[in-house]
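In what follows, chain A forms one complex with chain B and a second complex with chain C.
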Partner chain A sequence: MRLFADLVASGIAIGAIYGLIAMGFAVIYKATGLANFAQGEMSMIVAYVAWTISTTLTGNVFVVVAGSIVFAVLLGLAVERFIMRPMLGEPIFSTVLVTIGVAVVLRSLITLVWDAYPHALNLGVGRDVVKMASVSLRGAQIASILTLLAVMGAFYLFFRFSKIGVAMRAVAADDRTALLMGVSAARIHAIAWGCSSAIAGIAGVLFALVYDLSPAMFQLGLKSFPASILGGLDSVIGSGFGGILIGVAENLAGGYVGSGLKDVAGFLMIIVILMVQPFGLFGEREIVRV
Partner chain B sequence: MRSGDFKETYADLIVLSDSRLVWAWAGVLVVALVVAPFVVNAYVLSLLTLVLITVTGALGLNLLTGLTGLISLGHAGFLLLGAYGYAIVVAKHNLHPLLGFLAAGVAPALFAIVVGLPSLRLRGLYLAITTLAFSYIISDLILEAKSITDGARGITVQRPEFFGLDFSSDPSFALLCAFVAAVALFACLNIQRSRIGRAFMAIRDNDIAARTMGVNLQAFKLYAFMTSAFITGIAGALMGIYLSFVSVEGFPFLFSIEALAILIVGGLGSALGAVLGTVFIVLLPEAIRILFSWFGGALESLLSTGVHEVKSIAYGVAIILFLRFEPRGLVGVWRDAKRLWTHWPLKY
Partner chain C sequence: MTTPSHPHAGDAERAPDAPPPMIEFRNLQVVYDDAIEAVRDVSLQAEKGALVALLGSNGAGKSTMLKAMSGILYAEEGKIDNGSIHLEGADISAFAPDEIVRRGVVHVPEGRRVFPALTVEENLQVGGFTTSASVLRERRDHAFELFPRLAERRDQIAGYMSGGEQQMLAIARGLMSGPRLLALDEPSLGLAPMIIDRIYEVILDLKKKLDLTVLLVEQNAARALEIADYGYILENGRIVLDGPADKLAKNEDVQEFYLGAGQSGAHKSMRDVKHYKRRKRWLS
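And now, the complex of A and B:
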């Protein structure tokens, strides 16, 4: 029982990071209708920037986090403006492949600019172990769970009540009508990319706090795909839950069956779920007309 | 000068090529391919072999992604299954190499049924990510099934020898690869102009409309998956023989991306495009190496420390630039050049 509780708790913690990145996917999918395959790479590069700030400028946690979020937003905006916007109106297939191209470039840039060795992101916080009942978690793990909940809440309110959030839903539902109603689709896309990149960046920094930085971090993105698919690509809140489900499933599979299964537990899970629910647990069914 | 195309029978319309000149040039190409392995040096020969193997794999993916419009991010999985199919039959059980090639095709094709079944319910991105999931599951299964595959240790593969023909020398192996690539190319070209190929294209262009026209979606999507996996598996077996060692690490996820890059750069849905794209992508690192050596100094040292990274960046940039500026790919450039050649100095 002790093992079970521990596995579930740390599963929720890693799941929260998957969930955050998956929400990033969902935000972009919702606003622009494409999956950003560079999400994992974006969170990796933001984590590396955070590490550079912490080793060269200051180790102050607030400065590092603020700096990396600013960088993440700029990165998202730059990718949208210079790479994705010229692709507007092209088939989805091409735009998705462009994001794969971006992913390949970013991934290699990281090994080229930094190096291929793992580093610890040490901000003096988050490494201490907190004990609750029979479960012990690190500070940063708890922080990731809280961040996920906060971001989920924020997005719920944002989509429900803010003007931009409603505009984003309008663009997602039908971009042409939204344009006619005076919504600037380009600006909505830019906002979506900025938001998504910021969330991915936060997730990257949190991951680097709990574990270590390494060029293999892009796999976070690959693991968050199942999360996003599970929750439904167009459901932002659902993707957050999807992340937690994947994290817990992965940890339980790793703890009770074997480490081999741990890596593919998420993938196995989405295949089973997609057989039953082709648009994910919370995703909206796409109605196709001839 | 040809003055327009007039077709009187249906057979004329779907014939591979009605121009004698094209056949003559194809003959020249075949002769060149047969002679080349014996005259070029070892380095060029290794590049040629790599191009020929990659062409086979790219043609396999082209059937699925280019022709049928089903995006696969998991073709590295089929390559891996093909390589293991061959290695297990030939290297571990000492059976006939032809049986090995058969296994290299059939094993991925059978697995493709498992992968293809979800494709009947899934669309677009959901399908792409499912194929990605399957390629990871294949690697994991191979690592776990230690009694059959030797797990992470991998299997050493020798060059084959059959019908009294010895393929252990590099030129003769290149000939074998050229033969397989030519067969795959002909198979793809013929599939394209048959009823099956037209059904694939109908599914790609609008699957619901295709269905109302009497195309059996389930059967044809599965068929596309199986054929594609079969050809890719054969390429995987050749790759395994070429590397003389088969392991999960030898077939990384990057291969799936590279294959997609080849199709995009070459031109999606065209067999010629797959060939042109392969030549471009495989020779791209060479071109970069030569370019960097001209500039010398700092750039050259950058290349020596991060050759792998520079290569990947080049893929990425090539994908982005082609999609942005020439979505029809090299095949589009080729057609433009051909039109210019026939009509010059007139515009049309």
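And now, the complex of A and C:
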């Protein structure tokens, strides 16, 4: 029972990181209709930038986090402006391939600019173990869960009440008609890439706080993609929940069955769930009315 | 306001001091995929405050003209190959869609195209995307006055409403940015006659109260000519006939081929009419 509780708790914590990246995935998908396969790489780059700030400038946690978020937003905007926007109107297939290209470039940047060794991101916080009832988690793990909840709440409000959020849903539903209403698609796309990169970046920093940096961090993206599919690719909040489910499932599979199953548990879960719920758990069904 | 006696008059016939038309298409030619010529050399204009009908059967090029005006051709691999579109004299042919909306031109697309997963109120909010929040509230209240039915259903998901309600929403949404020119693409499509009456009534009302210029695209020529001031008939991407609405409605050929008065049954083209004299003025 103790093992179970521990596995679930740390599953939720890693799942929260998957969930954040998956939400980034869903935001871009919702606004632009595109799957961005560089999401995990964007997380990783931002985490490395955070590490560089902490080792060269200051280890102050607020400065490092603020600096990484600013960098993440700029990275997202730059990718949108200089790579994705010129691809507008090209077939989806080529555009998705371009995101894979971006992923490969970002991945190789790590060894070019930094190195191939693991590093600890030490901000003087988050490493201490907090015991609650029978489970113990690190501070940064608890912070990941709280961040996920906060970002989910923020997105809920954004999509319900803000002008840009409602317009983003309109673009997702029918981009041509949104254009006719004066919604600038380019602006919406830029906002989506900026937001998405920011939350992926936050996830990367949180991950590095708990588990250290390494050039293999991009694999976070491979875990988050199923999370997003599970939640419904176009459902940002659902993708957050999807992350938690994948995190818990892979921890339980790894703990009870064997570590071999850990990495594929998420994909097994999508297969089963999509057979029952083809649009994911929270995906919007198309409204068809004749 | 006083309508000019010839609201359609070409440049040569216009009084030299007359204000430029609200919208003017000059020798417009539109090509899709660099291959399909959907609009070939069309000139058309609507004076400020006029209701101009653009009529024609399937594939004539009506929607293409509106898409050219609202700047969204690029989204369908289409482009203006020749000619230009002028809003009160200013060339808007190369403007981005949001800039065109900001300048007061709104195109309500064919098939209503409400955002299905959004509520009525959210649809209106998107329609007012270019507008500030305070003005938005005012316009929304005005839209609800115009269509009380929408007020009753403000929190309903738009995709589940009836066709008539969706058309009302599409028009109301188009009004949210406060346009001076409203282009409606087949607003009567698939609606019951009673609903069409209601929608046409509102269009006339808007034209009078807001001094709106209306470009009304329809296949249903009879209905449209009842409320229009002036009409153009488009066929295969060319204007084949134009004139004041009452005269057009009385025209024999129009009656036979567009108003269903003909007995032949089979659809023939205006081109097949032997005695039909093509008007050459637009082809120069």
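In this section, the second predicted complex is superposed on the first by the 284 of 290 C-alpha atoms of A that agree within 3 Å, B and C clash if a C-alpha of one lies under 4 Å from a C-alpha of the other, contacts with A are read in each partner's own complex, and residues count from 1 in each chain.
The criterion applied here is as follows: a contact is a pair of C-beta atoms (placed from the backbone, for glycine too) under 8 Å apart; a residue touches a chain by one contact, two chains touch by 3 or more.
Quick caveat, the model's predicted, so the values are computed rather than measured.
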{"item": "Fit-or-clash call for chain B and chain C when the two complexes are aligned on chain A", "value": "fit"}
{"item": "First (chain B), second (chain C), both or neither touched by A:Phe225", "value": "first"}
{"item": "Touching partner for A:Asp6 - first (chain B), second (chain C), both, neither", "value": "neither"}
{"item": "First (chain B), second (chain C), both or neither touched by A:Lys163", "value": "second"}
{"item": "First, second, both or neither for A:Ala173, with chain B first and chain C second", "value": "second"}
{"item": "Touching partner for A:Asp212 - first (chain B), second (chain C), both, neither", "value": "neither"}
{"item": "Partner chain in contact with A:Ile271 - chain B first, chain C second, else both or neither", "value": "first"}
{"item": "Chain touching more of chain A, residue-wise (chain B, chain C)", "value": "B"}
{"item": "Smallest distance from any CA atom of chain C to any CA atom of chain B, in Å, after fitting", "value": "15"}
{"item": "Intersection of chain A interface sets (partners chain B, chain C)", "value": "286, 289"}
{"item": "Chain A-facing residues of chain B, complex", "value": "69, 71, 118, 121-126, 128-130, 132-134, 136-137, 140, 143-144, 206, 208-209, 212, 254, 257, 260-261, 264, 302, 306, 308-310, 312-313, 315-320, 323-324, 327"}
{"item": "Partner chain C, residues of chain A touching it in the complex", "value": "89, 163, 166-167, 169-170, 173-184, 284, 286-287, 289"}
{"item": "Of all residues in chain C, those that touch chain A in their complex", "value": "70-72, 74-75, 77, 96-98, 100-102, 106-109, 113, 115-118, 122-123, 125-127, 129-130, 133, 157, 159-160, 173-174, 176-177"}
{"item": "Touching residues (chain side chain A, partner chain B) in the complex", "value": "29, 34-35, 83, 86-87, 90, 92-98, 100-105, 107-109, 111-112, 222, 225-226, 229, 233, 258, 260-261, 263-264, 267-268, 270-271, 274-275, 278-280, 286, 288-290"}
